[in-house]
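Labels run A, B, C, D, E, F and G following the written order; every chain starts at residue 1.
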Amino acid sequence: MELLLILVIGLLYTGGIYFILRRSLVKLLLGIMLLGSATNILIFVLGAIVKAKPPIIGSAQQVLDKTYADPVPQALILTAIVISFALTSFAIVLLKRVYALLETDDLDNLNTPEEEDI
Amino acid sequence: MRSSILQTATRYLLPILLLFSIFLLLRGHYYPGGGFVGGLVASIAFVLHSFANGTDATMKLLGRKPLSLIPIGLAIATLSVLMPVIFGLPPMTGLWLKGNFPIVGSIGTALTFDLGVYLVVIGVVLTILFTISLTDD
Amino acid sequence: MTLSTYFDFVIFPILTVSVVLVFIRLFKGPTIVDRVIALDLIITIGIGIITVYSIQQNQKILLDVAIILALIAFLGTIAFSYYIEKQKDD
Amino acid sequence: MSGNLILAPVFIHLLIAIFQLMAWRKTVTQRILSIGGAFIALLSAIMLFAHVFAQGTLTINASNWKAPFSIVFVADLLATVMVLLTSIAGFAVSLFSATGLSRQRMLYGYFPIFHFLLMGLNGAFLTGDIFNLYVWFEVIIIASFVLMTLGGRRNQLEGALKYMSMNILASMFFLTGIGILYGMTGSLNMADLSIKMHNVQNRSLVGITSVFFILGFGIKSAVFPLYFWLPSSYHTPPSAVAATFGGLLTKVGIYAMLRVNSLIFIPDDFTKNLLMVIAVLTILTGAFGSLNKMNIRQLFSYLIVCHIGFMVGGISMFTKLALTGTIFYLIHDIMVKTNLFLISGFIMQLRGIITMEKLGGLYKEYPKVSLLVAIVLFSLVGIPPLSGFWPKIYLFQAAFNNSNYFFIAALILGSLVTLYVVAKMWSEIFWKQTPDGVIEENKFEPLPVLRKLLLLLPIGLLAAASVYIGLNAEAVVQISERIAAELLDTSSYINAVFKN
Amino acid sequence: MINIILGTLSTLGALFILFASIGILRMPDFYLRLSVTVKASSLGVGLLLICAAIMFPNDASVTTKAIAIVFFLIITTPIAAHLIGRTAYFIGTRLWKETIIDELEGMYNKETHELESDPTEATDKPVSRFDDQIADTEEETE
Amino acid sequence: MLLTVLAGLIVAIFFVPFGKTFKSGLSIVLTALPIGIFSYYLTHLPSISLGKEIFQSTSWVPSLGINLDFRLDGLSLLFALLISGIGIAVYFYARTYLKGHAYFDRFFAYLSLFMAAMLGMVLADNILLLFIFWELTSISSFFLIGFNNTSPDSRKSALTALSVTGLGGFFLLAGLILLGDVAGTYNISALIHARGLIVNHGQYPLILTLLFIGAFTKSAQFPFHFWLPGAMKAPTPVSAYLHSATMVKAGIYLLARFNPILGGTNAWSYTLMIVGGFTMLYAAIHALLRTDLKSILAYSTISALGILTFLIGLGTADAIIAASVFILVHALYKASLFLITGIIDHAAHTRDISLLSGLRKVLLPVAIAGFLAACSSAGLPFTFGFIGKDLIYEATLHANSSWKLGLTTLAVLTNICLVAAGFMAGIKPFTGSLPIHYQTIRLPYISMWLPPLTLAVLGVLFGLMPDTVGNLFAEKAVLAMLGTETKLNLKIWHGFNTVLLLSLLTIVTGAVLYRFNKPIKGKTLWLLKFKNFSPEFIFKKITVTVFKFSEWYTQKFHNGYLRSYHLQIILFAEALLAYKLWLSGPIDINFYGLAMLSVYEVAIAILLIGALIIILTTRTRLTAVVSMSVIGYCICLMFVFYSAPDLAMTQFTIDTLTTVLFVLVLYKLPPFLNLGTKKERYRDMAIALGFGLILCMVALQVHHEPIETATSDFYGDYAYTEAKGKNVVNVILVDFRGMDTLFETVALSIAAIGVYNLLRLRLKPTEKE
Amino acid sequence: MIKNFLLNLLLSFLWVALTGSLSYNGFLIGFILGFFVLWIMNRNEQDRKYFFRVPKVFSFAFYFLFQMLKANIQVAYDVITPKYFFRPGIVRYPLTAQSDFEINVLSTLISLTPGTLILDISEDKKALYIHAMYLKTPEIFVKQLKEGIERRLLEILR
């Protein structure tokens, strides 16, 4: 299973990198998002993955027995997900503004000389 | 995009979602859920409302700028982190009330902290979405 | 044969096939609304899959996720229709 | 309970920011809070430094679990020095922005975000947990995005876009590295990692992991093939912001490199050579870039790149001498670079422009200011006995000891170019008379005296700091040497973390 | 015994879902796809949830959760369907050629999106839904 | 001693607040500084001349071995006296010269700073301390050359001077540090003892090269000489002081100082002789071809410096004696000639000797001074210059080298030119008939003409009592330079010998040359033909090319295209990672550790990959967004399967919100563009695939590693018992690693505020900052 | 007023359902929270009484489920068989129901029964526009609905 996941991760990275090499604002954004997800899954896979044993202590037990999924990567990814949401939302709006100001989607046109500013 | 069907539906979906979000918040320490998801669901509730009745209506419903939720949430979270310092413990040390409570399990700084997170998340999401939908350029 | 194996060899394959079918629709379009409902259906099937999975694995906790899906999924659809109409205006 | 002192520089800023958010749009309150708070933070930083300098490394286990399992904050000498410098620079900038920044920007929450940024920096320096470091980095970059776009002018946004996308790449590399580290060792605590990394059998994998960190921190600290975001963006935001960035942001990358290399990956020959090549190229790139720039902020941006090269070179050698030089340079650089951008801001206030062609006549009109600026500029160049001179001695010595002649050549070139551009700047901005018709062009009334003084206060403060560093080099040398020693022999750090 | 019930119910549910997906693939126009998917899927999922409820008999929470899920699906799906359907119509998504009647035609007020109830009041010309799909063509811009 | 050094600095600093007050007559007080210092060192003269040495040390940066070590021996005393003595003259002179100048105060601040630096340099007994003062002299000279800051070319030449000397400075620093490294000490006295070690060390050549570059740049040796004529843009007193008498001698001082440490080897002497020899002749000839008084003097100065370098290179006792005397000689006459030039410039408002004549009628004392100085420079008998020249010829004649004759001729030729040049500068303006328009010229204040006169007269007086002078000033200097005790006996009359003949020959030929060498502009123009070979020109060319290159280089890399930045970053990353992977060899995968693969997982994977393909291929943004959400939901399902319900929930809700976010702004976002050629697309796809592949391999490697569970076990054990929570993930988030969560919420808040600002804040165009 | 109270009860039941803890204080918390939630959103319509409708509710529920199942099978059959039997169309359906609540429930139910789908409702809430799959004539279709679902529903709701 991990192999399949790793394949998926590789493809996600591929897609992300390909998109950040484009000239389009929106593609840049999508690329960043793809890379973010790729990284999250990577972390998830690198901590061992376990099926159907969520790290929640059963009503009977006092401690989590060792067969259960490793909670740490989950916590890390959760943090990472939320942070990348913050980044994404900011990025989206930044894009919107850039587009509104420059009326271009072409990243190659993003070079206003200091003097022309405002 | 006004649809009376959606509006009517929102009337009972909003409270359901809010309730559900609080539910998620409170049980987070025992079962899946917690401040983040809770906050996200709550903000989704308001987003839904704004889709149905327009953002201004939702702002009216909230009564205050969502931005102002952020410092409150942060303050609650920070205070619950700094609480232990008063007792000479390092920050973020969990302090608990005696006894067990339904759903919540035990009540302590962890919970108030999660509450802070909950509020911050609502504030953040709503600030972002409503600012966008209220500005047109 | 046990329920679990039955799920593995009958139910899950059926659901898988249906997901793939829906995905074909998503791929074909032709209009954006088609894609949107395909997405919506995928999520609904997802709920189904989660349910079956939680039965098979005897993990009721996973149903919580299903609840959230059921409760929130339609927001996406609403958002899209909102967008598409708005776009028609401009 | 001195443990809690460690987190004071973090939480003070956090609380300030929260209060300021509550006082949204009340700019006067916010300014008072900012200056007062920055001052308190400075005091706490001084106390912390004094404590650590006297009694050695301090640690605290947040949430009170035993060592590797809770997020531990470690105030060793390096961290405390960085915090101290941050607090000094922060205080200066907060003074400057209280007078120098447009009210509009304040209305939209400049101050809270500025304090969040300072909080992030302090946190990054103090944390002893690699993932927590990642969180701090995120706080820092998001805050910097916001500060950079604050005002939303065209080239601000353009700069911000480039800045953002490349920094996000950096975070991606960093996070991936962390994931791999956890996968290998199941630990996130840096002290714990430095122990566990020894037991990892697959050394090549360790090497691969280190590459991810080199990439992540390399982008952050703007080294040669990864530096592009810096010169694309640093000239766009208002000077107060640029000062914080120019002084502190890239240094976080350097700090992280130092930390990670000393604790987790002891640099092998490959890493050393790689870093050395990077350093030389970085210096060249920065030097070449700065030669032709007429906009002084762009010029400063390239100088930052150039001087980052000096420090990376020091890290690459990773000997006591080299590290001492690096640390000293770090200390000097933070003071000076911050000040440079403040000065550019002051010039902006006076003239409304910062391109050399259009400036001039300051030597005639503001003799004392000119002197002040001259001091700063010459300490940047490293004219003895000002602050920039001393670390170079160490770097030269180290380079000779490792017979890194390319690095020596680069050092000389970099210093020469710095000298040249600084002298050119001086003759253009101060000696030259104001070109005709420029004063008419910009409609900025001359500054009221009080305002001018308030703007100059922070500049003077930082200038005094660098002069002090220069004249009392011995003290700084002692500190730097101690830090270098601690970086080479991490046992004190690890013992402090594990409390034995 | 219980396994057989579970088996049948789950099979039924899965099949209904399958029908829905075949439907969304095969149906000739958008509206048909929409109306097929909505119920088949929700019914199917409903059946599966009943399985779940039966699976954990002595656990109230599962039953209630199952009920909750079904309940939520029942509330939300039609609304979503209604909105996307109306949007689709509004942007002029084509009806199937064998559609026998379209009483909605021309009832929309173009400017205000307001929908008349009485055909006689419908002053407006039909919404031109036969110019190709705006929503996409705008997107197709290269 | 430290005090004398600090005095200058203190005065300089003192000017910052109280500068204005000195603009009045009060400025006379300033002269107290040089006078005081001069008299201080004068008092030491007897004891030092008897071979005493005075040390003084104050700790400064012990860890670096840099302390305020000062040492007063013959050499440093000679220089200290020169600096302060000529300082007196210059201070007096400048007071009048710059009367009423706007920057009067700044001028004296710089001057005092310079004097302090210069003193510090010659007194320093620690090479790094020496370097510190060395740099300070460069800086103060920069300020003084650019003193007329409004004139572009004085700015330009200040910049050139600083660049050249600065370049030398950094090389010198490197050299000194290497030296200290090799010898293990920065203390000069200690270094002298380590000579053997140093000279035989493998690094010796490198050290030498670095030091030489430093010295030559400072002392304007070919090919670094060109900054000096440019430096004549400075006010005349400055030229007199820095650029002839003192600062330019810093390089000479350095060589003299290091002669006992590094000297005596072939590398040392040949380099110095060749460079010095060439410089002295080259510059002397140039001097003849000038018509501007100042440039004549500038070139003759360069030539004189060449002579000194040459002599030190020669290194014999005679040579060193000659050098030490010549330093004094030259300082005296050249300073006075410069000051005279200043007076003429003031009076006649020109320095072109083709126009100047007959000024003796109006400026008699000046004329006398000029005459005396010229004689001294020409080395007429009974002048100190005569002694100097004799010694030089002695040195060349008795050089223990095979081609002493050649050296002598070189010296003679140079001196012939210098004689002529000296006459041109000192005599030409005063002889002949006085043009009408100069009739009105009045003699300036005494404070202006007395200093040059005094110096000139001294030039003669010393010539009359060479022995005493020699013993007082030169002998111990020689000791310091040679390291061995040598008796000087300087006589006016050696009897008839080759040296005398040569001297006479020199003088006569020089006079003749002066007679027939008419100062015409034409010659200067003729000189321009060769300018393409002049080092100055070449230096300019190099500079220009460097600038062009740097422009090109900077544009090449930092070209403003975000994607090319990304490209470079990614390529760099791939290169490094690929190399590392290649080193690590083949990867083995443990299939046992793998989890069972079941159909729904495959389904999800297919779905995800499919969605990814749609995103990459679609032409419509909205489809891309839809597919993005599909990917999100797939990830969510994965989290469900692999027992991460919390993640699944968060992923799903956030994904929904992201979709909403997109939808809200999407129609304000640009449509997809497919800019860029097909070729580019293929290339990028290849790069992207490479990256994906690399990460897969890395992931496989990591996955192969055994799993450490200490941390998670700890959390599992204490989550409920201690932290009172059963959802371990949540307990981690709000307790074990709560700090992460707290500051992550801060990050969220910042982002929100940022969005708010981006959309709401609109600056007025008038906003400065 | 009473309607709020009922909605509140509903919420607190929902709460119990969600928490799955059928206990007094669980219910109590649910009630309080529900009250809180409702209090957030102040809405005021006149209220109705509705106590004697429980049996009808059940009968209606069964009727509806039967309809749904039947139609579903019909549709399913149609979907899997190659030939299409359906004659789709969009029909205007004049409403008897008035209150938002009625209309809402009605439209939901109509949408849920296969073959019919609410596309939109007119601005003045007098007419629904329904997309139907099996259409003999619009009139018959409308009549069926009126007799069937709408009448039974209104019996309950009024």
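Everything below uses one rule, namely that contacts are C-beta pairs under 8 Å (C-beta built on N, C-alpha and C of every residue); 3 or more make two chains touch, one makes a residue touch a chain.
Keep in mind that what you see is a predicted model, and the values were worked out from it rather than measured.
The most distant chain from subunit D is G, comparing centres defined as mean Cα coordinates.
The chain pair with the larger count of C-beta pairs in contact, out of B-F and A-C, is B-F. Ranked by distance of CA centroids from subunit C, the top chain is F. The mean-CA centres of subunit E and subunit G are about 15 angstrom from one another, to the nearest whole unit.
Look at where the CA atoms of subunit D average out and do the same for subunit E: the two points lie 57 Å apart. Centroids built from CA atoms put subunit E at 31 Å from subunit A. Centroid to centroid, with C-alpha atoms defining each point, subunit C and subunit F lie 71 Å apart.
Shown for subunit D are the residues that touch two or more other chains, namely 14, 21, 62-63, 71, 131, 135, 138, 142, 145-146, 149, 152-153, 161-162, 165, 169, 176, 180, 183, 186, 188.
Shared interface positions of subunit A, i.e. residues touching 2 or more other chains, are given as 20, 28, 42, 46-47, 51-52, 54, 56, 72, 78-79, 82-83, 86-87, 89-90, 93-97, 100, 107, 110-111, 118. Touching of two or more other chains is recorded for residues 14, 18-19, 21, 107, 118, 120-121, 125 of subunit G. Residues 3, 6-7, 10-11, 13-15, 17-18, 20-22, 24-25, 30, 33-34, 37, 41-42, 44-45, 48-49, 51-52, 55-56, 59, 61-62, 65-66, 68-69, 72-73, 76-77, 79-81, 83-84, 86-88, 90-91, 93, 113, 133-136, 138-139 of subunit E are the ones that touch subunit C when the two sit in their complex. For subunit B in complex with subunit E, the touching residues are 1-3, 5-6, 9, 12-13, 16. Residues 20, 28, 32, 35-36, 39, 42-43, 46-47, 72-73, 76, 79-80, 83, 86-87, 90-91, 94-95, 97-98, 101-102, 107, 110-118 of subunit A are the ones touching subunit D in the complex.
Listed in rising order, the residues of subunit G touching subunit B in the complex are 7, 11, 14-15, 18-19, 21, 23, 25-26, 29-30, 33-34, 37-38, 40-41, 43, 100-101, 103-104, 107, 118, 120-121, 125.
Interface residues of subunit C facing subunit A in the complex, by the touch rule stated above, are 53, 57-59, 61-62.
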